[in-house]
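Consider the two complexes below, in which chain A is the common component and chain B and chain C are the respective partners.
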Partner chain A sequence: MTITARVPGSLKAWLDGACEADCQGRTVGECLADLSRLHPRLQGRVLDEERGMPKVLVFLNGDNVMGMGGLDTPVNDGDEIALIPLAAGG
Partner chain B sequence: MIYDSPGSHFIFIYHPSVFDGQSYTVFQGKRLTNGEVLAYWGKWIILGERPWIDALARALDPHVEARRIPCVKYDREPSKNLGVEECVMMVYCDRRERDAVWEILAANGARMKAWVTERETMELWRPGSPLLERWMDSRGFDETLREAVRADAKARLGRVFEYPDEEFSPWEQ
Partner chain C sequence: MGAVSPREARMVRVQGEEVLTASLTQLRSRARETGKTVRETAVGSLNLGVWPVSLSRNAPLFTAPEQARLLSARAAVAGCGGLGGFLASLLARAGVGALTLVDGDVFDEGNLNRQAFCFRDSLGREKALEAARACQAVHPFTEAAAVRTVLTPDNALDVLKGADIVLDGLDSVPARFAVHRAARELGAPFIHGAVLGWSGQTATFLPGSSIGLDAVYPVPEDAPDPPGVLAPAVAVVAALQCQEALRILAGRPAANADRLVFFDGESHTLHRMELAPAGARS
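Up next is the complex of A and B:
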């Protein structure tokens, strides 16, 4: 299934100059891993591999995934993932 | 009305009644309690360059005047000391009204949906949190001042959690 990921303009270098990109997976974590594979500049910026936690705020269709199932939250075709810097959340 | 006080890091959009002492943390005309704020209050986060954010603010002002949006706050300049390279706009509302507010934002060019609850914000800024510590680093606070800031954060946040039936009082910024 295809998921659209969006980042703000200041992070578009992570997606090779685009503010949105498609990715695939069954969960948010799988989608972010796929996105990192497609856009290597993203690697190490989104996920804290040791702790299994996001380094940025991650939203699925507008809701923070940490209040849902975290990176294991399942996704559906057409869903949208948004990434914003941690400090922008408050 | 857009309230732009040059001494503040933030620019606000309030309904004029706020200056007569009315709260903006309301749902269907009723002031929210601390418990209701933790359950329902939050904001849509919008990021962008200052000129675009200013134009969006002017577009949202009539919606605040009409009470369709309770309150808006945005950065005068990016908080680069916290790792944010764009201005952040926070469009506050009750979760039960957020879809209607998002429609207004989307009609004015917002695309990236990011809803942050007040509870999540308090978690981000709790005493000892990496974000609060980084902010104090960026201000060059000494340890005495840091302890005072942590104690103040603990007291403010603690009151919200410990007195759920008390009317919520927004903090001055």
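Up next is the complex of A and C:
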């Protein structure tokens, strides 16, 4: 299944200068793992392997995956995953 | 009566509408005569449909009773640095009558790139005091209280007591959680804001909502290093937070309850997404 991942412009360095990239997988977690394999700058920035949680906000077709099945949420061909960084400055 | 009456008011036209106004001199003089504060006099005048001249350009945007509500309200700004400085300034300009400005820090050179009240000659001075001084220099009816303390889980409730709304100008995730908890206990809406580089975000948490700050920050921890932050991103996020606060304080529905608005300053796009309770499973 091909999924489109999008990041805001401020994170495009993570996708090697692009704001969107395709990835494959059956769940959100698998797609993010595939994305990290294709774009190594994502590694360690998106998934907290130890806690099994995303390190950024992850939305599937506009809905927060934490309100669905988390990283285990199944995806369908053509779905869109958006990654939003955790801003914390003031 | 502690007010300037419509009979004493001067009519001006704003955006094609006739607006009755009272000058600062009239408001001050009526306050002296009646033993009321200038703020009470301005609220009394608004309740009669008479606007302080200094707020008359708000008139097409709020009704006089709405502006009276703003002037009667107290907003607490947690942190008076980047976001907090702009927040305090914008709230004061818009005519929020009472501000509680909280910060335990002093200005240093590293604040000059983004903090509204930081100038070379204010280095070393307390942020809360500088913010309060600047806010009180705008309208004579603004009552700005400086609270020179670092917000913690132990003191947040006491410090924020009396606030009708709490705005997030903090730069620490654990402090945000403490302030949000206190706002909830006080029954006050919490307007979250945070900045990262060219970008930033805001979200509104109303007191009864089941969604909290843990929907934004899955782990209540700070990154090891402070982020890079650009002044325009700070100003945009503070402006979004302030507009939401004005809506709520005026008695209108929140525009952004339980939603995250992420402003991407590199592509000039706003992303608005529904938040979900952390760890929820369908």
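Here is the rule we go by: the second predicted complex is superposed on the first by the 86 of 90 C-alpha atoms of A that agree within 3 Å, B and C clash if a C-alpha of one lies under 4 Å from a C-alpha of the other, contacts with A are read in each partner's own complex, and residues count from 1 in each chain.
Just so it is clear, a residue touches a chain if its C-beta (ideal position, glycine included) is under 8 Å from a C-beta of that chain, and two chains touch if they have at least 3 such contacts.
None of the values given here were measured: they were computed from a predicted structure.
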item	value
Chain B versus chain C as contact partner of A:54, first or second or both or neither	second
Contacts of A:67 with chain B and chain C, given as first, second, both or neither	both
Which partner, chain B or chain C, touches more chain A residues	C
Touched partner set for A:80, first chain B, second chain C, both or neither	first
Touched partner set for A:10, first chain B, second chain C, both or neither	both
Footprint overlap on chain A, where chain B in one structure and chain C in the other make contact	8-10, 57, 59, 62-64, 66-67, 82, 84-90
Sites on chain C touched by chain A in the complex	79, 81-84, 168-173, 193-201, 215-219, 222-223, 226-227, 229, 260, 262, 264-267, 269, 271, 273-282
For the chain A and chain B complex, residues of the former touching the latter	6-10, 57, 59, 61-64, 66-67, 80, 82, 84-90
Interface residues, chain B side, partner chain A - complex	44-45, 47-49, 78-79, 82-86, 88, 102, 111-117, 120-121, 124-125, 130-131, 134
Chain A residues touching chain C - in the complex, by the definition given at the top	8-10, 12, 19, 48, 51, 53-55, 57, 59, 62-70, 82, 84-90
